[in-house]
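Dropping the structure in here first, questions after.
Here the chain labels run A, B, C and D in written order, and each chain numbers its own residues starting at 1.
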């Protein structure tokens, strides 16, 4: 009845395909993305689903990520002379059709057998957005390339303790066409993800990009084990290094305080990525949206801000953009779309968000992304 | 067992009466209006009930509309020498027995086979209030006329993209006796009403007033489809146009900010209608009562304020009137009364509110509507 | 199975004893008074139980009455050199063993066949407190006398529209030994007690004290009917009248604003009774404890303050006394004790409160009632 | 089926071992300590479990103790150059491996047949922490000694009314190696622990340390009975006495106000122990963490502060240390570990907290305990 998971205790099953991810490809009807989560739960093996949807500790921060939206409201402006709102924008000189991109997430293969290649194709078919490729991808650059084609991409790095390895990885990412590097700074150690601990979750497949620096492949390893083999002592030196070696714009991802935003910019970062890793790291950290405004005020427009952790509706995108974000990242909802319909499901989710954002813009009386940035939110008591 | 609904998927059933609305006519005992909703749910087909009772997105704003009442309390004043409180008031020179009117709502036929004519008769039998006729009425002016007789009425317009059509509609409304025009400004697009999307809800009957500008009749159309064929780009010019062409007082309905109240008045509006469309448009918007006070302060008595969205008890009326409203609109509870007892049920609901408001006035130590306006509310922590 | 209730629809059953109140007499173990309510629910006929435990509207104010206790906390003071705290106090020159009295409540006969006489005896056996006798008592003065013996008593009046009747009632109350008059000012009309409306509740027995001014006996009447026959237009003149005619100290009960406290004192009231009638009148009114502090600051010790509505534990008494009350009134918990054990149950409840208050005093480091009045509470966020 | 408990009503069963505590010894997997409570509930007799896990009144303060953690959040600092955080610290010149100790708790024998000796051994095997021995221990000093060996220990005293007895007890505690005395000042009387009252709970075994001053052994006695025989009138004189007679550092435990912290220090206390006795005394008292900051500001580093009541995760330790605590005490989670695995379970719990605190430190960007003390928390709205 229940799908088979790979755990530390039945590793032997892995070799003969013990983890049974969905494989169907079809459009997905998106009433809202909360429903996608419920539906994905029914088709994804428990260990994989818990890994994707779960977070750390009491999952307080995970819940805060969506609850905080209800602390700021959008004021619907009427008589605003708006029709057919426009969602185009740009970042680092690249034009985008929509102000949202795919956030980096590890191990898409937990959701669908096509792994990151499926996600990539869905994004490419949608067009006009950006795919962030995680260093902990289950697919290789070349596999992803098949789906992504000439679509824009950014590369998110988990660094090795060995800088030569890092250079090696960056070289490959650049060769693959990455137009920016994302340094994930909030995950020098895994959060206490109680669900994974309970499930004794290990990855059922390898991670081609970082396997070069792991002792053995990622297959059958727990996330904590992999983090322990990655670089844990991250500092501003790493920002310098990545920027100089890659020659690409560098984001520092996982920023939750104005102080760290300043620190990152001081070290040469080109973009600030406000995120709490979807609530998967330090539980008790602020809901991501709570942290955005003070960071945005500190950054003062000197660098673009990407925001993620908690985006589930067009309203959320609007609120983030109105609070200082230039671009928002979407994550889990895309994986649920992938689980439910492969690349077509991914495309459905992107299309849903585009349509939903336009609806909100119309009802809020905003014609352009710039109008959203000037919109006034109000405090909900 | 379950009543049949018309959806996009079984449209063919429509022609032979697939939607089975209640038809009984009887007085309704109103303990409170929340119970009416529960009872109406049992007799109205699911698609119709969800359309009436549902709202957009997470239905956060819908819930806020009633939750916000608990943020301001009424101070019961004693030794106040009050007996037999008086509820009479007036607006635009018209005398009213009570300070509440029927808010415009589309498609009463979902609740009862007599459609808007049933509602109209209930209001007329109650006497001393006003019926707002929606442009998306399922009954024609002449059908409504049968029930309404010489009772006062206002006309709410969803504009056509074609101004000649608009003139045509206004001519007809005036000929029918409308004494004010209500421009709904917050619905240039449908909200994301997840319940309707799930039900694939379409109207099971036509809309005689606007069918002249729809491609085909409203029957079998979704609300989004109809909105798309109505005018979506609404501006202050439309206020000018309606006022000049109709020669009647014009309300702008859907005002939720002081800025838009000022904008509407600047464009010549005669009345401000504070409303969030019962939570059916932009989810995340303030609970309607939350928005009232700041608007009232901005308006400073220069124009009457009608308030709706969330009125369920006499206490709510009192709080709205004490916070700057001159008149309150009631909506869903009336439809539930219509569903449960036709025109007699409508009358029962109006009588309930009259009696309930008087009770509150007595207990709060207020003899008149003017006394209510001077009453001090307190913040509930 | 279910006990029989008297409703408007089966009045004929009344004459042969259709309402079957408990009659057993025994001590009651009081773990806490919330449990008493649950247990009383099992033995009291539904209509009677709902009448006693229910309140008006959404029962928001009823719930607030207990919820507000959690907004102010007691600071446990240690090293305070306290042992065997003393609870004695006095009001109007009368010495009390405890700082709490019985609040006036109508129709104790709903809880127990001994009616108010049972309550009176329990209070008398406890000793050192005061019984407030309601004008809507189901027992006559002489019946109550049997239980109360020489225990102190106050008389709460619902006035007749006819002042001669009022004089007559006061004469009788004085002859019976009442040492103060309580004018209930917040009940010039019944609250919208939805439960009673649903049950079509009518009293199953008469009200000897006020039956002289009712058209027919109270038996089979609804509360609303009785209120309508009592005086509804209450003003400061009535305070004057009661004070002059009775020559006794007069409380105005139902005060919830500093303004009304001032008004009552200005009219000659000797005591202020802060109460919201147990949440049974205007729903949406403040939790009674919320209103206390501002009233106490306005009164500035010029008159004693009695506080009721929401007292369920010793902590609540402490908080009320620390916020300006001189005496607290207990109500429903006593009726539950009466229902569960007749006069012995009443005594058990009084003993519980005495013991519980002493426990709190010890743990809070307060030796006397005066120490409580000086204690600092803190705001719970 | 259900385990047998000793209550006042079946005391005769006690002599032949009516209370059946767990006895197994094994490591315990700690996903989180909330789960330990659930698991312990299944193996510990109901009366014992309710005694351990329950608290007073509505258990409001018990719940506040953990809920208040969600009012202050930790800001994850990134690019902080942290790896392998260090948890060592010291108090009264004693070096500790971790900044947490065992809080004094009575009657460990309710959780496990090895009683306090089991707890002691688990702590000793962990090493580098401190065992607080309760005066109401079910094991004697010499029994505890067997498990504790040369591990550090503090002694918590419930004083006798007879000072000679107190001297006698202190002599014995000193001879046993106690390096500090903890005066519990918030328990001069038992809280109203409704669960115990309902269970008619009595201790199923004696209390060797205080039995010398009880009339009969503690066996079969209720807590209230024992408190009544202990000293209830505690003042600053007792601090003086303990300090002078013992010559050891003295903590006053149960401090919840700055005033009492000052009072304790003025009386010569060497350490302040902020605690609300796990919510077991005055219900309605602040969540312990709520009280910490103001006390810490008053103490200004003049004496070390130990904090307990509510510690369940590493995040909680971090927040307490960042708010002025020098050391935190853990309680119930250790008893649950004891119940589930004897001394090995205790060790598992201590190891869990060490690992969990290190994880939080890494994610918060703090290398040392001193870094934690400088960390900025934020208010969660």
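Note that in this section contacts are C-beta pairs under 8 Å (C-beta built on N, C-alpha and C of every residue); 3 or more make two chains touch, one makes a residue touch a chain.
These are the chains along with the protein names UniProt gives them: A, B, C, D = L-lactate oxidase.
Because the structure is predicted, anything quoted here is derived from the model rather than measured.
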item	value
Set of chains adjacent to subunit A (L-lactate oxidase) and to subunit D (L-lactate oxidase)	none
For subunit B (L-lactate oxidase) and subunit C (L-lactate oxidase), chains touching each	none
Equivalent-chain rotation between subunit D (L-lactate oxidase) and subunit C (L-lactate oxidase), CA atoms, steps of 5 degrees	90
Classification of the subunit A (L-lactate oxidase):subunit B (L-lactate oxidase) interface as same or different, half of numbers criterion	different
Farthest chain relative to subunit B (L-lactate oxidase) (centres taken as mean CA coordinates)	D
Distance between the centres, which are taken as Cα means, of subunit B (L-lactate oxidase) and subunit A (L-lactate oxidase), whole angstrom	43
Where subunit A (L-lactate oxidase) and subunit C (L-lactate oxidase) are represented by their mean Cα positions, the distance between them in whole Å	60
Residue list for subunit A (L-lactate oxidase), restricted to those that touch at least two other chains	none
Chain contact topology (line, ring, star, complete or other)	ring
Touching chain combinations (by label order)	A-B, A-D, B-C, C-D
Complex contacts: residues of subunit C (L-lactate oxidase) adjacent to subunit D (L-lactate oxidase)	31-32, 69-70, 73-83, 313-315, 319, 356, 359-360, 362-364, 378, 380-381
Subunit A (L-lactate oxidase) residues touching subunit D (L-lactate oxidase) - in the complex, by the definition given at the top	57-58, 60, 64, 71, 185-186, 188-189, 191-192, 194, 197-198, 232-236, 238-239, 252, 254-257, 259-260, 263-264, 267, 276, 281-286, 290
